[in-house]
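In what follows, chain A forms one complex with chain B and a second complex with chain C.
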Partner chain A sequence: MDDYLIGVLSNVGVISFIALSAYLLLLIGEISFGQQAFFAIGAYAAGIATALWGWPLAAGLAWGAAVAGAAAVLVGVPTLRLHGLYFAIATLAFAEMVRLLCELFRYQITIDGEPTGPNGADGFRNIRYIFENDIGPLQFLVLIYALLAAALLGFMLMERSRLGVAFRMIGEDVALAGLQGIAVARFKVLAAGLAGALAGIGGGLYAHLTTYVEPRIFDVMLGVHSLAYGLIGGLGTALGPLLGVLIDIGLLESIRSLAGYRMIIFGGVVAFLLIVRPRGLLDETVVHYVRRTWYQIGRGRGN
Partner chain B sequence: MLELQGLTKHFGGVRAVEKVDLSVAQGEILGLIGPNGSGKSTIVNLICGLFPLTDGRVLLHGTDISDLPPHARVTLGIARTFQNIRLFGQLTVWQNLWVAQNSGEQFGQENFLRRWLGGSRRARGEIDRTLEFFDLAHKSDELAANLAFGEQRRLEFARALAAKPSLVLLDEPAAGMNAEEIDQLDRRIRMLRDDGVTILLIEHHVELVMSVADRIAVLNFGQKIAEGAPADVQANPLVREAYLGTATAA
Partner chain C sequence: MACLPGSMQAADIRAKADVACQPTAGTLTYVCTIRLTDSRTNEPLTGIDLSVGADMPSMPMMHNVRPVKATPGREKGTYQAHIELEMAGEWALQLNLSGKLRDRLVQVLRFEDGEIAREISPAAPRPARQKH
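Coming up: the complex of A and B.
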């Protein structure tokens, strides 16, 4: 595989985590413009763990996910009392706050005679774990997709459980969900925490993939894109947001002749789909028919 | 089992419900009737906790539940249907029932994980029987939004029963139904009562209420104006006045 393709696929994989994060909140009917904050928290936490504290990569990624998840729960408790536009604004404000704090955050330790660690607006350089441990780009790509597959498996299992159905009920009609015995407030915080952890894993992978992070990467456009991926790809299945990422990064950003027009095409696609297919390409109806046809084929074979 | 004491709800200056006292005995069918806008649906919403009381109390088995959130009231055995059908249209028929089922087991309890993350096999049989009872078994895997109107009404009723409630609040279950469907509904309500479920029935369809209700309470402008056996209520001059207006006003 050539390096360019590996780079694009790695990017698609990493961004998929934050897309899944926004998707999980869309399931419960909340629009967050702030998932990039947890992506940032995961990136810094995981980077600090491996580069400054000498932790192994797995522990660093888990730590990044845990810190991001905990932050999401803390933010979720007050903000999830808000609905719709107000929740969206609150998440946006929080994410901008995190980005600005990253610009102020300095925590450096001298390693091999060189100061290493987050250095305010200059960012966090030299997260060199994959060089020091001879992990090639292809190996790291496999790691990203193994984790992504695990996350997708988790989503598939969740969607088959009462929990997944309960999340969708909250998304469709909050009051009615409460009348099914669902403790809505707690389930929302649970979803926010899981979404934060997912974004955190993505952030940790991103930090190690690019070996440095800058606060400006985590600006609001990252959040807007991750939200749009679910809305383009569809909210009927976790594969929806991945389809969204593939369309945006896999096609628009990577095909060189299109790259210059990326934002124009992307904005147009979002606007068009919101009118024609408000719940994305793979919406609930499509997923339902695909699933039913699949079972019917299965049954046909059985007979 | 259910007791409303001085139940009051004001929306701004509108006195939707004013000092209503009402009690429903274990195993009875209480019909609640009244002209449009008399506060019937508001009372149902207050019993299941959709909005806070202005004043008064809701007691279930003698315990004050006025401050409990809706999901906790469901856990205590209160279920309802809606006047304007409310289903989860993007979920399948049986998913609509699945979550409500056994909602007595709650978050934080040790079986939380088994309840929320466990598979569907254990639940299937029971849900299939409920769907059978409501003649919906063949629609089990259909999206709720794709059902016909009558089927949606039945699904709402089925979903209310999936939680195995001890008290069911039926908010105009016959609205939009034809004579045959109302007959079926009548039978299902009786069967439910025979199973020991207490029922509060709000209904405009007078024949249905007169036929199934053990007692009837009448509301007008948010206040209770009559209560008693169906025949007595029917003969009550205040009730006639509320529905038809006074001779002078007319």
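Coming up: the complex of A and C.
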């Protein structure tokens, strides 16, 4: 496979994690502009674990996800009491706080005569696990998509469970969900924690893919995009945000003649879809229709 | 010229890259000269398959410049690559080393149309953030 294609597919896979993270919060009716903070926490934590502490990649990624998830829970407890615009602003403020903290964060140790580790605004270089362990680009791509498939499987199981129903009920109407006996606050914090962990896995993968992270990577632009992917792809299924990622990075990126105008077109697509399809391309109606058709076909075959 | 450390897969060589990018006649096209050395011995690293890609730190994974193969230069350990960027601003050049040495080195440079690319140093004040 062409190196460029592997690179683009790796990017699609990695950014899908933060898109799924924002999607999970959209399911409970909350708009977060701050998922990039957990992506950053995951990237730094996983990078520190493998590059500085010598942990294996799996443990580093798990650590990154755990730290990001824990941070999301800590942030979720006070902020999920807020709603709508207030919650969105609180998440944005937290993300900017994390980004600024990354600019101050220095933790370096000397490895093979070179200072290694986060160095404030200069970022964190030499996260070289995949090169030190001879993991090829294709192998890393397989790892990204294996983890993404596991995340999607988790979403599909969740959607069929009481947990998924509770999340959607909360997303539809918080007061009504509460009246139905759902512990709204607890479910919201759980969703925030899971969303943080998902973003953390994406961050860990990103750090190891590029070998380098710096605070500006975790700018609000990343948060806005992760949110937009769910909104254009659709909120009816976890495949929605992935479709959003594919439209942006897969389709628009492939039209090289668009070059620097791509972001303008992407913004236009988001605005247009929010008007004509407020719940995205794969919204609940489409998903329901596809499911019903699928069952009917299956039943027809059975007869 | 900018320096950054990296290293090698099996042997104990750590690669270091010096990158200098000069504008060419085209819009936002540059010819970059990359000097690869062993950071410990300062010996030039020859016979490396080098490709150069770029990503914008402010929009990670969203602008991918197709990696271009660098060709060996006149001096030992130097390589040249022609890159074409989508827009002006800060770009993280990804130097992908393969062949007898496998590694990835990253160098952040600021590109303005028609100007020599400048290294982004943490010590230096950063210019105002670009609008997209």
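Everything that follows uses one rule, which is that the second predicted complex is superposed on the first by the 302 of 303 C-alpha atoms of A that agree within 3 Å, B and C clash if a C-alpha of one lies under 4 Å from a C-alpha of the other, contacts with A are read in each partner's own complex, and residues count from 1 in each chain.
The working rule: a contact is a pair of C-beta atoms (placed from the backbone, for glycine too) under 8 Å apart; a residue touches a chain by one contact, two chains touch by 3 or more.
Model, not experiment: these values are computed from the prediction.
Asker: Aligned on chain A, chain B and chain C: do they clash or fit?
Answerer: fit
Asker: In the superposed arrangement, does A:285 touch chain B (first), chain C (second), both or neither?
Answerer: Once the two structures are laid over each other on A, A:285 reaches chain B alone.
Asker: Quick one: classify A:225 as touching chain B (first), chain C (second), both or neither.
Answerer: A:225 contacts chain C only, not chain B.
Asker: State whether A:122 touches chain B only (first), chain C only (second), both chains, or neither.
Answerer: In the superposition, A:122 touches chain C alone.
Asker: For A:182, is the partner it touches chain B (first), chain C (second), both, or none of the two (neither)?
Answerer: first
Asker: So which one touches more of the residues on chain A, chain B or chain C?
Answerer: Comparing touch counts on chain A for chain B and chain C gives C.
Asker: What is the contact status of A:161 with respect to chain B (first) and chain C (second): first, second, both, or neither?
Answerer: So A:161 only meets chain B here.
Asker: Pick one for A:3: touches chain B only (first), chain C only (second), both, or neither.
Answerer: The answer is second: A:3 touches chain C but not chain B.
Asker: Taking the superposition on A as described, I'd like to know which of chain B and chain C A:88 touches: first, second, both or neither.
Answerer: Touch status of A:88: no partner.
Asker: Classify the contacts of A:26 with the two partner chains as first (chain B alone), second (chain C alone), both, or neither.
Answerer: neither
Asker: Can A:207 be said to touch chain B (first), chain C (second), both, or neither?
Answerer: In the superposed model, A:207 contacts neither chain B nor chain C.
Asker: Quote the smallest CA-to-CA distance from chain B to chain C in the superposed model, rounded to whole Å.
Answerer: 33
Asker: Considering only the defined contacts, which chain C positions touch chain A in the complex?
Answerer: 4-7, 9-10, 12, 14, 39-40, 51, 53, 55, 57-64, 66-67, 86-87, 90, 92, 94, 96, 102-106, 108, 121-122, 126, 132
Asker: Which of the residues in chain A end up touching chain B in this complex?
Answerer: Residue list for chain A touching chain B: 157-158, 160-163, 165-166, 168-169, 172-173, 175-176, 178-184, 186-187, 284-285, 288, 292.
Asker: Which positions of chain B touch chain A when the two form their complex?
Answerer: Those residues of chain B that touch chain A are 48-50, 69-72, 74-75, 79-80, 86, 88-92, 95, 98-100, 103-104, 106-107, 115-120, 141, 143, 159, 163.
Asker: Write out the stretch or stretches of chain A touching chain C in their complex.
Answerer: 3-4, 7-8, 11, 14-15, 112-114, 119-122, 125-126, 128, 131-132, 134, 206, 210-212, 214, 216-217, 219, 221-222, 225, 248-249, 253, 256, 259-260, 262-263
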